[in-house]
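You will see chain A twice below: alongside chain B first, and alongside chain C after that.
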Partner chain A sequence: MKKTIQIPLGSQHISLLEPIRFKFECENEKIIGVDADVGFVHRGVELACTRSFEFKQVGYVVARVCGLCAITHSLSYTLAVEKLLGYVANDRIKYLRMLMVELDRIHSHMLCLAHTAENAGFEALFMQIMADRELVMDLQEAISGNRVQFDFIAIGGVNRDLTPELSALIHKNLELLSDKIDTLLGLFDNNWSLSLKYKGVGVLTLDQAYTYNALGPLARAAGLATDVRVETSDFPYEALGYTMVLESTGDIHARNFVRLREILNSIAMCRNIVDNLPSGEIQEKTKGKPSGEAVVRVEAPRGELFYLVRGNGQNMLERVRIKTPTFSAIPAMMEVFKGSEYADAPAILASFDPCMSCTAK
Partner chain B sequence: MIRSMFEAFKNLFKPVHTVNYPATELVLPKGYRGLIEYDKEACIFCDKCEKVCPPGAILFYQPLEGEKEYRYNPWLCIYCGECVRACPKPQEALWQSETKQQSALKEDGANEGWFVWEAACKQSREDFKAAKIKNKSEESV
Partner chain C sequence: MRKIETTLPTLLADIGTFYEARKWHFLSVNGIDLGEGKIELQWIFSRYGIKDEIVIYYALSDYTTPVPSVVSLIPSAFMGEREIVDMFGLTVEGALRGLYLDEDSLPHPLRGES
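Up next is the complex of A and B:
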């Protein structure tokens, strides 16, 4: 007789933000085998980029791949096309792009923290973090003119400039936010009921992280020092006070802490950017059409985002390939589930911060 | 534990975070990206806005004689402002306002009506081209 039972999680489940299906092979309450299916929200974006839209419009199309990291997608695509056109952006453009990416990272990390709290059964904390997150959403809306779809980055620059009033607003909101993050740090560290759900649960060891190619906060929580921000030189991160946040235990608690401390680091960087904004044009004319092949890596909130763009000197591109952080992290995710309790699965899943629309695109 | 209970008690007397929408109006920030507005008098009919528009929300109908007719689908528009940046006379012929678009009703024909218009525009271009060629050949004869 068969000793194990199969329990599915998804594709529709109360703890899921987006459709993903896990099939857990369980022995009593323990998970011993996992099978994942991620392709529920496939929309054919890659093909649309090469068939229906010209290369100048594709930046707005790829921004619609994901609502949370819209800015990282359009940034990676723009960087790839600018490489093909041989255009180098000036410092002001680079700083403004960095500002938006870091604000994006803050609000994405806060969303993940909120959902991890919710899936651990702490609904009140979810509400509190989501309310605090509005501070960043307001900033992004004021800077770009829209709450979710920013359409801020264009080929050859950015679409909007930073006014003195906006700089003051950024300082004000970030000041408020950093106080709230400090309280959250204390709460996540000391709250007894949260520690039951987080500490020692869903552990990914350093060896596993290395073997299964974990990336982003998932890897940094296990102590694997990997961050595209230090590995590439597209943006002057080192000069603006970037520090790598590393934890060693690799459990949900460590992942939450990496996120919280990265938020603090991003807030510091945003302040530096606003204070030291160089002067210059915000949009410059680019000439020519993309020909050749370019590869770009950008650190999205969830890890490394990879873009390949191939053009042949025409208005239409030949190939756009998007490899998203969640897709690359699936082997590591499946490894974490093995050996943990079934009841912990939703909290573990939320702590990965999976983005299914990115993955299936 | 005691502190969190104290916090929970304090929260009972705090004002709410949410807004009573739609009874209370939402405050949009300055420079909100809203509807694209158009002035026929200033337009020079260069069609640049139509060419750059990513979703194809601006279309010009080409009649056989007379001016082109501008048509804009506010529900298809993504409010990116590419058309305004491409316009040779920005702020005069084409500009971005701060008004927010209301949701479409069935009689607005946001989808079906627009597909009909899209096909009509395409057909009008072809008709115009054919008429032009015909005129030329008649002149040469």
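Up next is the complex of A and C:
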């Protein structure tokens, strides 16, 4: 029997942005076993949603689950409550919600790409992508009034409208960003040191993607054609130019490429939304209190975000179940580590774009 | 959304008959406290490539009856099973407490009595 050693990664580590601890069992440099501890920032959000806040306030509570995808949390919850109230938003509200969700996807994907570059030792590229990301951060702030916690979506609508000046700014910034992403595509594909670190490393096969229920860019990089944007009918994504981005190699390079190409698709959809924004009110009245059970799925930047809300006609809800993308991705993540070199673990981890704040909620 | 009732003794057989990894995406294990020591357990699935098709298998149980693990059928389910062990203080075969909670945490925060 060969001798193995256990090496921890985290909960605090130079390559980690958020607290997660992996315990790797290694045979020489090769990882042969993995254990994960994900609960360092548990805050009891699900409990607070049913004990401390009324249903009209909960949308603002769940947005605090995560700073990166706050908009998809508030959207998922709001859609669930609107279903229970029997309310369907008008097209203008739907388009404005989609606009913010796609802008959020762009900035989140760019953050991930920046950190994968950083984990390959490419500090200059990290800084460059973070600087370019400001183009979309500025847009989110201009549209919603906030840079991170947007509080843009409310039951029955959205809190702010687009003006002609904002529409012009969106076109201007997205034009600039599109050129920068084109440059990044070439760099991520052809740069010698990035290729060494990414190509053929951290592979999730299609079989593993199905077996371990991979989702989001992680699944699509392995060739699994799944995306909540076309598996739900809440928003007209196909009419606005949605294209599923698929790769087949399932390695870090494929995950980077899925994100880069999804950014371009999101930019195209945002432009279509602004150019074809329907007329209508941005806030409509809803009646009653939530009663019954509703489930909602929204494609967050890291994959499927799932909410189940149950109400009994009172102000306080009976259950708010939140299942986040990273929580679901942990089993697939653990499989990918097995057989990889320990030295590649930080880069592999960054390529999963894990959000522990979401996971522990 | 389609809800299908099952029981804990027949859970593995029911989900084993239903679940195909290339057809259904396993979403989550969920618990809902119904009060008076009763709990509704849910195993939630969505269909790949089909709009709005969600299937929920649910079983009514109590706090003390052991819950069978579906990990032999769905390897990724261990995260959700550990979560309901923490949140509802249930016993699930092979699932350890401590995914989220520490030794001195509230023992089962999502039970109605907590």
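Keep in mind that, in the parts below, the second predicted complex is superposed on the first by the 359 of 361 C-alpha atoms of A that agree within 3 Å, B and C clash if a C-alpha of one lies under 4 Å from a C-alpha of the other, contacts with A are read in each partner's own complex, and residues count from 1 in each chain.
Please note the rule applied: a contact is a pair of C-beta atoms (placed from the backbone, for glycine too) under 8 Å apart; a residue touches a chain by one contact, two chains touch by 3 or more.
All values derive from a computational prediction rather than experimental measurement.
Peer 1: Examine A:319 and indicate which partner it touches, taking first as chain B and second as chain C; both and neither are also allowed.
Peer 2: It touches chain C, and chain B stays clear.
Peer 1: Touch check for A:160: first (chain B), second (chain C), both, or neither?
Peer 2: A:160 sits against chain B, while chain C stays out of touch.
Peer 1: Taking the superposition as given, does A:213 touch the first partner, chain B, the second, chain C, both, or neither?
Peer 2: A:213 sits against chain C, while chain B stays out of touch.
Peer 1: Classify the contacts of A:134 with the two partner chains as first (chain B alone), second (chain C alone), both, or neither.
Peer 2: A:134: touches chain B, not chain C.
Peer 1: Figure out whether A:332 sits in contact with chain B (first) or chain C (second), or with both, or with neither.
Peer 2: Second partner only, chain C.
Peer 1: Which partner, once the models are overlaid, touches more of chain A's residues, chain C or chain B?
Peer 2: Comparing chain B with chain C, the partner touching more chain A residues is C.
Peer 1: If we count contacts the way the header does, which residues on chain C are in touch with chain A in the complex?
Peer 2: These residues of chain C touch chain A: 1, 21-22, 25-28, 30, 32-33, 42, 44, 46-52, 54, 56, 74-76, 78-80, 87, 98-101, 109-110, 114.
Peer 1: If you look only at chain A, which of its residues touch chain B in the complex?
Peer 2: 53, 56-57, 60-61, 124, 131, 134, 138, 141-142, 144-146, 149, 151, 154, 159-160, 165, 187, 191-192
Peer 1: For the complex, which residues does chain B have touching chain A?
Peer 2: Per the stated touch rule, the residues are 1, 4, 8, 11, 17, 29-33, 52, 54, 78-82, 85.
Peer 1: Using the touch definition from the top, list the residues of chain A that touch chain C in their complex.
Peer 2: Chain A reaches chain C through residues 38-39, 42, 44, 46-47, 210-213, 215, 224-226, 230-233, 295, 297, 304, 306, 308, 310, 318-319, 321, 323, 327-328, 330-332, 360.
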